[in-house]
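Naming follows writing order (A, B, C, D, E and F), and every chain is counted from residue 1.
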Amino acid sequence: MTRADGRSFDEMRSIKLTRNFITHPEGSVLIEIGNTKVICNATVEDTVPPFLKGSGSGWITAEYSMLPRATGTRNQRDISKLRQNARSVEIQRLIGRALRMAVDLNKLGERSVIIDCDVIQADGGTRAASISGGFVALYDALGKLTDSGVIKDFPIINHISAVSVGIVEGEHVLDLDYSEDSTAFADVNVVMNEKGMIAEIQGTGEHALFSGSDLSKLIMLAEKGNSAIVEQQKKALCL
Amino acid sequence: MTRADGRSFDEMRSIKLTRNFITHPEGSVLIEIGNTKVICNATVEDTVPPFLKGSGSGWITAEYSMLPRATGTRNQRDISKLRQNARSVEIQRLIGRALRMAVDLNKLGERSVIIDCDVIQADGGTRAASISGGFVALYDALGKLTDSGVIKDFPIINHISAVSVGIVEGEHVLDLDYSEDSTAFADVNVVMNEKGMIAEIQGTGEHALFSGSDLSKLIMLAEKGNSAIVEQQKKALCL
Amino acid sequence: MTRADGRSFDEMRSIKLTRNFITHPEGSVLIEIGNTKVICNATVEDTVPPFLKGSGSGWITAEYSMLPRATGTRNQRDISKLRQNARSVEIQRLIGRALRMAVDLNKLGERSVIIDCDVIQADGGTRAASISGGFVALYDALGKLTDSGVIKDFPIINHISAVSVGIVEGEHVLDLDYSEDSTAFADVNVVMNEKGMIAEIQGTGEHALFSGSDLSKLIMLAEKGNSAIVEQQKKALCL
Amino acid sequence: MTRADGRSFDEMRSIKLTRNFITHPEGSVLIEIGNTKVICNATVEDTVPPFLKGSGSGWITAEYSMLPRATGTRNQRDISKLRQNARSVEIQRLIGRALRMAVDLNKLGERSVIIDCDVIQADGGTRAASISGGFVALYDALGKLTDSGVIKDFPIINHISAVSVGIVEGEHVLDLDYSEDSTAFADVNVVMNEKGMIAEIQGTGEHALFSGSDLSKLIMLAEKGNSAIVEQQKKALCL
Amino acid sequence: MTRADGRSFDEMRSIKLTRNFITHPEGSVLIEIGNTKVICNATVEDTVPPFLKGSGSGWITAEYSMLPRATGTRNQRDISKLRQNARSVEIQRLIGRALRMAVDLNKLGERSVIIDCDVIQADGGTRAASISGGFVALYDALGKLTDSGVIKDFPIINHISAVSVGIVEGEHVLDLDYSEDSTAFADVNVVMNEKGMIAEIQGTGEHALFSGSDLSKLIMLAEKGNSAIVEQQKKALCL
Amino acid sequence: MTRADGRSFDEMRSIKLTRNFITHPEGSVLIEIGNTKVICNATVEDTVPPFLKGSGSGWITAEYSMLPRATGTRNQRDISKLRQNARSVEIQRLIGRALRMAVDLNKLGERSVIIDCDVIQADGGTRAASISGGFVALYDALGKLTDSGVIKDFPIINHISAVSVGIVEGEHVLDLDYSEDSTAFADVNVVMNEKGMIAEIQGTGEHALFSGSDLSKLIMLAEKGNSAIVEQQKKALCL
């Protein structure tokens, strides 16, 4: 097997992060992973969900959506069907959990950061891109809060990124594009911090089951991919 | 009165049209009018609304939405409130009517073109920008249909653009930005063809009423603005 | 061209206003313009929308709906489709903006008047009739508030009415009925005060575009029509 | 106890039926029972619910709604809450069952009659008024179907009316108005045919329970009330 | 006519009440009437609906639902259709009214008891079973409130149960199962207290009308059935 | 650390499977894992989703819901909020994917099996229980289809079960109950077939990240747990 775009099995597509993409949000990043493009905007609000009121703790949450023509055929908007796309619900819960692992919520104090991830062009790996781009937008928004003295200590505790790995035609490969994703035997999204510790893992044997030893190999590939992303995130953030 | 950005009263902001902005749609344009940025994607579908079935006639419709942080404060997504924003409903009906005037629907045949206008950054004039950018996306989508022989005659009959004009601090001005729009005494959106004929007009005396003679002056300003937009549309379309 | 009901081009249909039509509301008017019949009920509530809390200013808003059989074929109720009819959304926003121009919202104080416009029989011009009838219901509700001492100064500052004008078979005509409206080349709704100043204008070239000079002629017709309506409104209000 | 309006315990309020109230529907009746006013419009459609397709049988259904200011305080429209008022759901199911008892559904053939009952002013007894007025609208719609030869035999088999009875301050009374209804110990709606046979009964011990012998007395009162209504229905229908 | 399960016309199916069926609720009962099985869970909450705030009075309300396969064919969940099943709305309003008659709401104080009735298997009579089972769950929840001293006086004032009666093939029968219910000429649900006083009655002439004398016979049958249920409720409650 | 119920770290709670729990469904199982109780009902329908029409392939899907009082405090029903609980959306997608791995969808032919998982009592591990119980209900439904000759070959290809594993107070433990789950550092659900191959894995570092080597240990625990469940599933199915 050779990959359509000539990449080796353990090679990421190009990674591009554009900070301050939109002027209004507290953090705004356009992330491009190959042809996948996601706008990640971070908004700070002075409220927390009811279950945190009076706790002193803050909250990070995410919303994920695709423009109708981010894909080859047009998808109806959620509001036309009066129900949020179930796949989007699943994905935005994942993004929220992943990015909460990045932050000491007590240092954030009783405020929320909402990460809006809007996919404008999709070519596989949109949930991983949303997490990796969302982290940079979150970092910027928290930076502004700290710089302006609203919060005392910069609350980032883990540098979070995500990547998809999978088994395609029997090969363990990194960073599946859409054509690979749709024929993969297994598709695993791995969220890690900068040390390769796992924050979240979601793996599906889409057309076949996989073994524990497959999983170990995929985790190692994911470490390699996440490490490449962290490098670009840090470069973009001038760290 | 001087305008914040130094423009003369009858001067447009910079106009930029990027064709083929997204790869999947049949037509895709990023339109930038000053700091207002709208992605306009055109999708062709082989169906028509029930009232046109069997008529031989096609349909053009539009959907308008803003990303949550297209504006200074975050707006909840429509799906979070289970109802489409009323302002968006009003605007997308306007866009649809305006762009239907561009096309001979019988030549289009029993198919639909959906124009998705997604505002990623708002600074006034988003509905006018959606119409002007949407026209170019529509033009491209219809061009592909004609080039591929799906339809016989290119069905564009009017070259449509739109602009906002208004009365700000007593002056009749062209192309209001957000700060002007929010203090305007009157705010009028004018949709025209390339000959200055009116396809649609929507005017509101937001803080004061205006006279028939005010309206005549505003229509003349609108002609000037639309003519500048048509020039840029044609340049982008290499006409 | 002659009009089906024998009217001259610049002639209104019969106008009838019945005050106190329903006993419960603070203002209640049945307006009949030819065969178009709309119940306009005004309700005073002691709350304002969130963006006005603490501002000292009040609010006027409107809701527009049609009974399922106000028209030739039955329309499903909004609740059956779980979404408000888009045309109704557009119309009620227009009615709200128009009637807010009638009132000094600071004199009203932090309270709201809701104008419910329910079309029980439709024959063209329902949005204009809703504004003209709604004004009288609003006038009565504000009168009660003033008479009872709840507000000090009667807050009406403009006497508001509305009419539709259009181009039918090449002629500029006043007050289109349904059969005229459905074949009109242009259909323009004009909201004015008693001096012929424009509060709102909405014009659509439904089957053809129109010129600035067409628009001027239509505005003059609208002045004539609105002046006839104001006369009937004043008569009904014993002014 | 004496009744506020001086009626004897077994006396109906005034009953007024206006046929052809709205021009568009196949049957249209304004029913006024005292100060309660309901517009009942009947629409014929050439479809039946899925469970009747191919059965040769027709269907009668009803929708019930109140204008926001039919009552002393304003009720939000259903669409504002995205859910139909539960009381309305209960009532329109009752109206539908009651009016189906009026018709031989096989003679109707595979078509539906929808009875829209819109309360424009409420003073107690709106569900009973909707049934009594709805019957006349249904009668007219079926008459037109028969006269025009669409159906062969006039399918009315029961002459249906309804009335409320109850126990107020210990007395068994007929046709409760709003003030009586809100203090009643028991409130029973009885739907009958012209012979006093029961089509439907709904009784609630609102503030106290009642005995089987109370129920018998109330049924007798209901017979008297329904008989008065049938007389007016027949007069309106010129039978 | 003989009944499919060999019962005499005035005989109930087997009645089984299992208290403390689920561990979490304040009251939890599985009621089985023949093959009909309903889980009735009572929840105490420290809030009341807006119209009771500050009144010192409490509230009892009910929610009724069926599992998708409680019936022979699968019913879509309410959330799939974004609207509550209309039959469920009607039934839960009945259950709520019935159980409120059981309680002195002033003794309850400003708190609510919600009775969730979830039908896991349906064979006719689910609404009656919900009321009879719901009463026992309510009794237990109120017992806990009294035992723990939250409320001073045990607020039960009527011992409430319910049963269906009807006319099947000309016979007046007690406790209809699904096959009888679907062919019944009349179907009457009667809610009573332990003395045979009526709290609520809902009767429908489904395929034929019935007389006042039929109704009297059915009420007597209902008394017999309710008395059998009360006996089992008391036994379950060790009274 | 010792577990509250005295279990060793690699020990499952008691597992109980009751087949034919409800009479109507094609497959019906009550699964009890400790105090967690889920009713799993399988329904066969002769339709497939649009994307499978004409493909010859069938579909397995799942719906997951909790009774309002399955938990310590009452949860509002989805329909009360007009939106499906986001956690339920995530879980039912997992159940559907897991159970599709059990079946050769081509052998099933163009029909669907819907697995309704209704949690009546929750004490941790409800999603795993739903999969394990749902498999048995699915097995029964497919058995009936095969026995009756509707499908030729019994289409089960993997024997699917699921279990949760996690890190609690530093220990790797099997089958977390609610109290363990709410304090776990990591919570991983593992779906396997009878040979220990992975169909799906979902792991969250809820309060801390975990390493690849932690993950390997958890997978081994999951194998042990799933093997115990498969044993009980086979016993229940008399295999």
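A few remarks follow.
Please note the rule applied: contacts are C-beta pairs under 8 Å (C-beta built on N, C-alpha and C of every residue); 3 or more make two chains touch, one makes a residue touch a chain.
Bear in mind the structure is a predicted one, so any value in this text is a computation, not a measurement.
Looking at the partners of chain C and chain F together, they share no chain. Path length between chain A and chain E in the chain contact graph, taken as the least number of steps between touching chains: 2.
Ranked by how far their CA centres sit from the centre of chain D, the chains are topped by A. The two sequence copies chain E and chain F touch through a face in which the numbers common to both exceed half of the numbers used overall. Put simply, the C-alpha centre of chain C and that of chain E have 50 angstrom between them.
Distance from the chain C centre to the chain D centre is 33 Å, each centre being the mean of its Cα atoms.
In chain E, the residues touching two or more other chains are 82-84. Contact topology of the protein chains: cyclic, one closed ring where each chain has exactly two touching partners.
Begin at chain A, move on to chain F, and keep following the contacts round; the order you get is A, F, E, D, C, B.
Note for the complex: chain D touches chain C at residues 22-25, 28, 35, 39, 41, 43, 45, 63, 65, 67-72, 74, 77-79, 82-84, 114, 116, 118, 120-121. Of all the residues in chain D, the ones that touch chain E in their complex are 83-84, 86-87, 89-90, 93, 97, 101, 158, 188, 192-193, 196-205, 209-212, 214-216, 219-220, 223.
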